[in-house]
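Both complexes below contain subunit A, partnered by subunit B and then by subunit C.
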Partner chain A sequence: MKTSGDVLDRVTRVPGVRGALVVAATDGLVVAEHLMDGVDGRAAAALAASLVGRLARTAAEAGLRHPAFVHLRADAGSVLVAPGKDDLVLVAVVGPEANMGLARLEMLDAAGRLG
Partner chain B sequence: MTEDIRSLTARLAEEPSSLAFLELAEALRRRGQLDAACKVARGGVSRYPGLADAHDLHAHILGDLGDLAGAFDAWTAALQLDPMRAGALKGIAFLYYRAGDIVAALDHLQRAAQADPDDPSIQVALERVRSSVRAQGSPETNGGAAVTPPTLPAASPFEGIEGGEEGYLLVDGGGLRLGGALRSPSGEETGDRVAAQLAGISREAARATRILGLGAWHSISIESPDGQLYLAAPTADTVLLTSRDRAIPAARVGLLAERASRAARAWLEGLG
Partner chain C sequence: MRALEPWVVEPLQTFLAESSARLTLLMTSSGQVVAQHGFSRSLDVMTAAALGAGIVASTEEIARLLGASRFGGVVHHGMHQSCMLSGFTTPRGRWIGLVVFGPETSVGIVQLFFDQMIEQLVSAAPREHVPAPMLAENFESELNASLKALFGR
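On to the complex of A and B.
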């Protein structure tokens, strides 16, 4: 198992990633963070936990298992979320210039090492 | 002070921006410490004005305190954020019932039942209100425009689109299905239940991206081991969900969703 710091370090090395956090899904608390200036980590944590909870319920109603990856796209970037073990969720805020395919693969790999 | 309240208070003091205020306020409410519960919930609402759970809990506490106007306002705020929130719909229905507006109470309870069909208390409340309706005449047939579902054209918005019959779901802001259908991997029709979960999702996504300085949101993709979902907003008031097998590349699902969004927009314009 890797520490949260190791996991965040790896994700934030992907070009275009502005920051990443490990969040406790149940209460939206930040467990660890590695953020560029200007990214509100606490807000990102609470919002990601709330959104992922709702999307997990949506997936469950659709007969699907818990999401492994969520990608919220917006005009000026994206929020990537990959739930890990033990109620931990890996969240990354990325700019529009990011290599999304690489960021996704790193997130999935990193989330699997959390816990 | 009980152990759970002590530990929740400590957690909130240590991390004031956490969502622990929800548990703490509810624990205080259950213990009858309503003023303290109200203070905690009010603090949470002011920190997280876009969180429907906070408004809902605040409304419950205000109701317990006898501030029914305050409870109504707080539940209304919760419904603005999440139009199919069963607890808030039930709460407002109760307030309407108390005020003698049976039609509005019935309307809200019917929506609550759609949002949470497994809650037996809603069915009990519905039966009670329907009994009142029968006793008073029949507002459902006399003045019941509020409970009459909108009439939609028979044609599906997704006719002629790949997977159009069971892979797309168009949902209004209140979590009601406008068109399309959805089946789970086991073949069960899940459209209405999924639609109810999507009530208010557009507002929640918009708030998240705004706070993070990312501008307007335009799509959400969700990958599960059993399949993938893709959400887009064809119009400001609707959400389109596209469902596909995991074998289909995610980018292709995005293209299919864009095409379906255009079809949904055209269909909605045709309704107007």
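On to the complex of A and C.
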């Protein structure tokens, strides 16, 4: 098991990642963050937690399992979300130049170490 | 949703749409209701306003005793619904927001959009008019007019 700081450090080392946060999923509040200037961590935490909660309910209604990874792609980058244990969620804000494959692998590995 | 002053409507409507709050009450620091959403009985809204204003006054006094400036807000977490109380400064003086929300949203979402509503209220508030102090002889008629505006009857 790693601390939230260790997990964030590892994720933010991936090229193109502008920041990462550990979020309390139920409350949508920031537990730990490692962000570049210009990224509103509080908003990212609240909205990403809400998104994951709604997607989880949608998946459950469709008879599917809890989402293991969420990739929200926008024009200027993406938001990646990986639910972890103990109601924690790992969120990363990445630019369009990011290595998405590596970012996804690191996120999934890091989320498994949360808690 | 009902408001005593029209410039409050749009910021409050945006907040309600984004936050999924069940009940919302905006009041002055003395407990005078400015706007409400979700309350169906005037007695409930007046009681909630009085209690909310009292709680915020108490927490601000505790903050003063502890040497802090002010607490940003207080959140009571419940099993089925939670309540957030937060004081904020507007061009019309110190106001208080009371928000009741359920598990369909989160405290993070409510706080995020509440802060955005404060920014919108501050920029929308008319600067020129300052309400006159309420006189005792006008109190009952003012109260009845406010209740009519807030509940439409």
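In this text, the second predicted complex is superposed on the first by the 115 of 115 C-alpha atoms of A that agree within 3 Å, B and C clash if a C-alpha of one lies under 4 Å from a C-alpha of the other, contacts with A are read in each partner's own complex, and residues count from 1 in each chain.
Following the convention adopted for this analysis, a contact is a pair of C-beta atoms (placed from the backbone, for glycine too) under 8 Å apart; a residue touches a chain by one contact, two chains touch by 3 or more.
All values derive from a computational prediction rather than experimental measurement.
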When subunit B and subunit C are modelled together on subunit A, clash or fit: clash
Superposed model, subunit A: greater residue contact from subunit B or subunit C: B
Touched partner set for A:61, first subunit B, second subunit C, both or neither: first
First, second, both or neither for A:49, with subunit B first and subunit C second: both
Touching partner for A:31 - first (subunit B), second (subunit C), both, neither: neither
Set of subunit A residues, in rising order, touched by both subunit B and subunit C: 27-29, 42-43, 46-47, 49-50
Contact set on subunit C toward subunit A in their complex: 103, 105-109, 111-112
Subunit A to subunit C touching residues, read off their complex: 23-24, 26-29, 42-43, 45-47, 49-50, 53
Interface residues, subunit A side, partner subunit B - complex: 27-29, 38-40, 42-44, 46-51, 54-55, 57-59, 61-79, 93
In the complex, subunit B residues that touch subunit A: 11, 15, 17-20, 23, 48, 51, 182, 184-186, 188, 190, 193-194, 196-198, 201, 204-205, 207-209, 211-227, 229, 241, 243
